[in-house]
């Protein structure tokens, strides 16, 4: 493939990773959602570019799905939840932002370390792609555990998924990408559905320990 | 021929010990009396006591069971047999191979076992006191005695009394620390087993201190006679045992004639007289100890005997 | 062999019958009858095999581990123990039949189906010839006995006892598992033949010895692994207690012998030393425990611990002498062990039966509520007296013969090369002698309090003699106790094949021929013992005595009130008797105060106060303090810590997951450097 | 292949049909019917040669798991018939929910059978995710706060796990693609096994870590186990049975497939230590957790974690004996544990409570049930003559022979768990029977709803397996054990 193709793919992937850092950095829900939208857009672009450069039309579908679901529907839905639950003020991270950033950087380093031994038989692109997506996934996970709020945790979850898609589209001729992204979207939909249905505001941090324990017949 | 002779000797010995036992007790009492300045009863007094007891009627506790009435016979028989097993004037005894020292100790043990049961049969507190104390004493005395046997056996390579006596007479042993220790231990055991001072006082009926007497408190008449005779036999037995193991000199051995046997008998009587005198001296010169110090006394005996057994390895390359 | 297997299969059938015909009145008759028959069959077969000799019977069944299948094999050692187990089975079935009828009303659990299974399990252990079958039978035996203990689950103490029992049992099984893990060949051949073929290295062998002592020892009740035994054995119905105490512990002994003498090959001198040490400790501690018990069955259970100690001492001696290449003496020690195994199974069953009879008649196991039963239950009293005398090693009963042989073996210590061993044996001998003497005291206490004196409770005063079946069940072992005491030699001769198998020698080797009624083993010490002659002479002498006395003495007898310091009258006198704890007091003071921190508390009312005075005794079990409590406390502590994980928030759980992932990734990253 | 197609298709059709059928009686009967058909079809597999296509694969490894799954599916559906009848009577569930329940039950069976028989990493992943979704819905069936809580926790944790597993799958493809070229081939088991030696180990390692964490979450390995106890405790008991009995096995099966790849590829790091570590962690943690449980279903859920730990440990040890033990233990555990859950379900229904300390004396009040439960717990505790004993025997002995220091924590863990099991089972099965929660009537007066056949059928199988294993099964186990390295 041409240098241009490589550079473009590399660049777009880098943007996705950058957005993950940006996500970690956000304090306000709205801005968080906006950043997430941007990440989704970047991912769309990547998918489309890969579809074009590798000539794999089905990746266009992936791109389209990403665009419609992640960049439009879900952000909007989450936006409404935030408004509905009146939690659009600042969100307190479980760990401080600074700490989170440090952790994020070390995670990226770790993923680089892990990718280094991947030898030349894998193409340069694969290695880059691997390093980027690995970082994105780990950062997404970090995001999930570093935030108390359901919405931001959903965002974290979806950024993990973004990492997956990034990896999937990056490697040539990956089959079933579409199916998987669909299956995944279903799951995300479930989560949002759950948040809606049960008004899970702080479910990730379970409400009242005594109450839960009595639920479980574990209290004496 | 030898078998027949051995049987005769055996019977003679059974009778001899039976005859000598009260005499020994009488002798000890006499010497004690003299030592404390009394005239004291005649040496033959014990015989008279026994006969009088035999003629007296038996008074039984209401709830005494058949066991209570059988025990005197059982224990007397056991001790009598035991006494018959110890070579006193000859080692040529028919029963020698049927039982060795260990069996002998066990025989005495069974006599004690049944007497203790009898003590509890009437269901009075005295019987209980006596039995429990007796068993506690025995629990320490018996192992001590077995340890003595152990050290002797290591030396002599046998526990059959006849062979021990033979070996000791052969004089190849010589003086040994371990034998001395064993002797002391055996004497301590003998004192305890025969309820002598300082463990127990055969003369007193002071309830809190007595052991043996408490057990037999309910006995009377012929039963009491048997019990008393049995304890006299026991005293003689222990003296005979000490004599046989440590001073067997003068005893007739295999192949020696009847004259030697007679000599042995004489020697035996002399030994008894000596032993009785020593016992009387010891008893008059020491005070009775508290019952719960008996444990320490006999524990000491046990340790001494164990020490004796271990010393053997050090002193002699067995 | 097929006969044994089918007999065992028949036992399983009996279990099925027990389930099927539970409601029928004849059920117990059928089950116990069938069980007794099967046991008799096996015992007979084993006896014939031992007497007849010939090659070992063996059989391979297409079950168990697929690639080795189930090996069954009955060599002479198995035969010896088959006799022990099934003899116990017969008498227990006989007694149990009557016992079940006596306790018909009581809501016992399903004893009927489980009882044959228990016996089947024990038999299977004895004929198993590969590690898997062995451990399967072993654990099956534990399982059955556990459920049998639980058959009294409505009594308040049972559940705890049962729990402790099965947990300790599985601890033992785990140890045996590990031991066989070392012994088995790398490619998973668990058959004993293969294990024999490849001998383990010194280190491995040492490991196995320790593991076997732990594993089989916990089943046999070696101090300090005995804690479960005095709780579990008494909890079961009495005939089952008899089996557990008199027989199952012997199966554990069998396991020790099988591994230490047979599978492990040539022993090293220290194995025996360690074994002996454990045995001595067990013997002394066991009897001291027993002396402090007021519960009849628990007392008996502790005395089992003591006797196991004696047996293990004998095993240790045999190992030592085998390692010292003095096989004849080793055979002597081993013969003592086997003889004591038989003896103990007899008189311990007898005594547990007696306890069961007393329990049936008075409904109480507490010594301080018994007394005077010799008047109410004459037959039981006589038989129990035989048992008590036998277990106290009084001649001319069987208990004494075993002890005599054991001492003969001990007296051979000079034949050993090693100094430390010589001295250890001297100490062990002292310990054994002490234990025996204390056992005497212990059973005087038991018999005197329970059967003699005056009844200490109304129930004891109104007790009635038990039924014929139960009396017969007691009579059989009692008679055997006397017979074996008088004529031990034939039995030892019968066991000789086993001895030759294990130590390549017999106890009578190189001795000129002796008549069958004469016991004179070969050894450096030319001693002999003859129970028969002793019995005859005793009989003769007593006849002479009685005749002589009654010729001279007066036969007049007057009945009167005993002298009780003025406490007269039948009622008050019962109270003034010595109690179990007051009887134990001197020995408690002499021994217990240091080892058990035993303390007497006397509550003496002031003069003029009519309140009765009370003597109460408190003591602590060192083994319990040292072994059980730390473990249970530790587990509880950890459980509390771990339990926090149950109540965390989802985010925390996610964090755990994240950390796990990162850790694994780091591990990979590191391992790739 | 047709047989497999039938096996997989039947529950799918079943789900569609049951979604429409009104009336819980008919529904439960049809449920049983479809499960029975599935079982029959899976039995046909035994007759056929092992084969593999683009979509499905049948080999020594999954053939017995498929049959096992179908069997437990059938018995559970029988048990569930009686169970829901009681729930209806007790007004805990209504018809609408039950229709949904039955449909989901079949859908769940479909996903699991698909996951087992799929020859494609992607398909398998999709199937496992589907299994997650369906069970989430069933766990929250009662709509109590606790059940929703449990379902939510289950969903989130397993969702993340699934995501990581997907990443691992992608990585696996990423590793294979340079060697095998783009396309399906690089995602097909049979193909991968063929070329795995040439695949670069670095990405393989990476992929395996993600797969272990991802699918390991569903296996319930500590510290990823948090969802499991509550999901078991709050859902309907039949679901607890299939969760413990089947789903955990399926997830573990997925992990093992990948372990095979790593084992076949020489240079990749040995996954053994990772699995041993997680296995021991699960065993010890679960063993300790058992002591503080008061809810009977949660109690046995933890025991499932414990046994998954043992199995994972076994496969981590590797070698013919340990692997054999692991495979055997998988089968035995799923049979025994589901049987236990049947018994527990009945017990909970007759006593009306899940609190262990309020259930007692079952052997007295309901002998058949009580002794069944006792037998089940005895079996799971590893006592003979049941199958678990054989596997634990092999595992412990072989481990101690090879790695004495690893055997010690293993034995300690087993003993700790054993202590807790005995403690609780004595409480449940012995002592004086209590009274029904709420009504206060004596428990003995309440009859057991439905049949105990499933319970005893499982126990019988486990008993037989404890003393005798059929030849073909042994052969399969040994081939798979060899493949697992």
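The letters A, B, C and D name the chains in turn, as written, and every chain counts its residues from 1.
The rule we apply is simple: a residue touches a chain if its C-beta (ideal position, glycine included) is under 8 Å from a C-beta of that chain, and two chains touch if they have at least 3 such contacts.
For reference, the UniProt names are A = Hydrogenase-4 component E; B = NADH-quinone oxidoreductase subunit H; C = Hydrogenase 4 subunit B; D = Hydrogenase 4 subunit F.
Model, not experiment: these values are computed from the prediction.
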Considering only mean CA positions as chain centres, point out the chain farthest from subunit B. A
Busiest chain-chain interface by contact pairs, anyone? B-C
Provide the C-alpha centroid distance between subunit A (Hydrogenase-4 component E) and subunit D (Hydrogenase 4 subunit F), rounded to the nearest whole angstrom. 31
In whole angstrom, what separates the CA-based centres of subunit A (Hydrogenase-4 component E) and subunit C (Hydrogenase 4 subunit B)? 69
Using CA atom averages as chain centres, what separation in Å is found between subunit A (Hydrogenase-4 component E) and subunit B? 99
Inter-centroid spacing, subunit D (Hydrogenase 4 subunit F) versus subunit B (mean Cα positions, whole Å): 78
Contacts with two or more other chains occur in subunit C (Hydrogenase 4 subunit B) at residues 646, 650, 654, 661, 665, 668, 672
Multi-chain contacts only, two chains or more: what residues does subunit B have there? none
Which subunit D (Hydrogenase 4 subunit F) residues sit where two or more other chains touch them? 152, 156, 160, 164, 202, 206
Which pairs of chains touch each other? A-C, A-D, B-C, C-D
Could you pull out which subunit A (Hydrogenase-4 component E) residues touch subunit D (Hydrogenase 4 subunit F) in their complex? 114-115, 117-119, 121-123, 126, 129-130, 133-134, 137, 141, 144, 157, 160-161, 163-164, 167-168, 171-176, 179-180, 183-184, 186-187, 190-191, 194, 198, 200, 203-204, 206, 211-212, 215-218, 220
Subunit B contact footprint on subunit C (Hydrogenase 4 subunit B) (complex, rising order): 371-372, 374-375, 385, 389, 392-395, 400, 403-404, 407-408, 410-411, 413-414, 419, 422-423, 426-427, 429-430, 433-434, 436-438, 440-441, 444-445, 447-449, 452-454, 520, 524-530, 533-534, 537-538, 541-542, 545-546, 549, 552-554, 556-565, 570, 573-574, 576-578, 582-587, 589-590
Please give the residue numbers of subunit B that touch subunit C (Hydrogenase 4 subunit B) in the complex, ascending. 14, 51, 54-67, 73-74, 76-78, 80-81, 95, 97-100, 102-103, 106-107, 109-110, 112-113, 116-117, 119-129, 131-133, 135-136, 138-143, 146-147, 150, 153-154, 157-160, 163, 207, 217-218, 221-222, 225-226, 291-292, 295, 299, 302, 306, 309-310, 313, 318
Residues on subunit A (Hydrogenase-4 component E) engaged by subunit C (Hydrogenase 4 subunit B) in the complex (per definition of touch): 94, 107, 110, 113-114, 117, 138, 141-142, 144-145, 148, 153, 203-206, 209, 212-213, 216, 218
Under the definition above, what is the set of subunit D (Hydrogenase 4 subunit F) residues touching subunit A (Hydrogenase-4 component E) in their complex? 120, 122-123, 125-126, 129-130, 133, 136, 144-146, 148-149, 152, 155-156, 159-160, 162-164, 166-167, 170-171, 173-175, 177-179, 181-184, 187, 200, 202-203, 206, 230, 233-234, 293-295, 298, 354-355
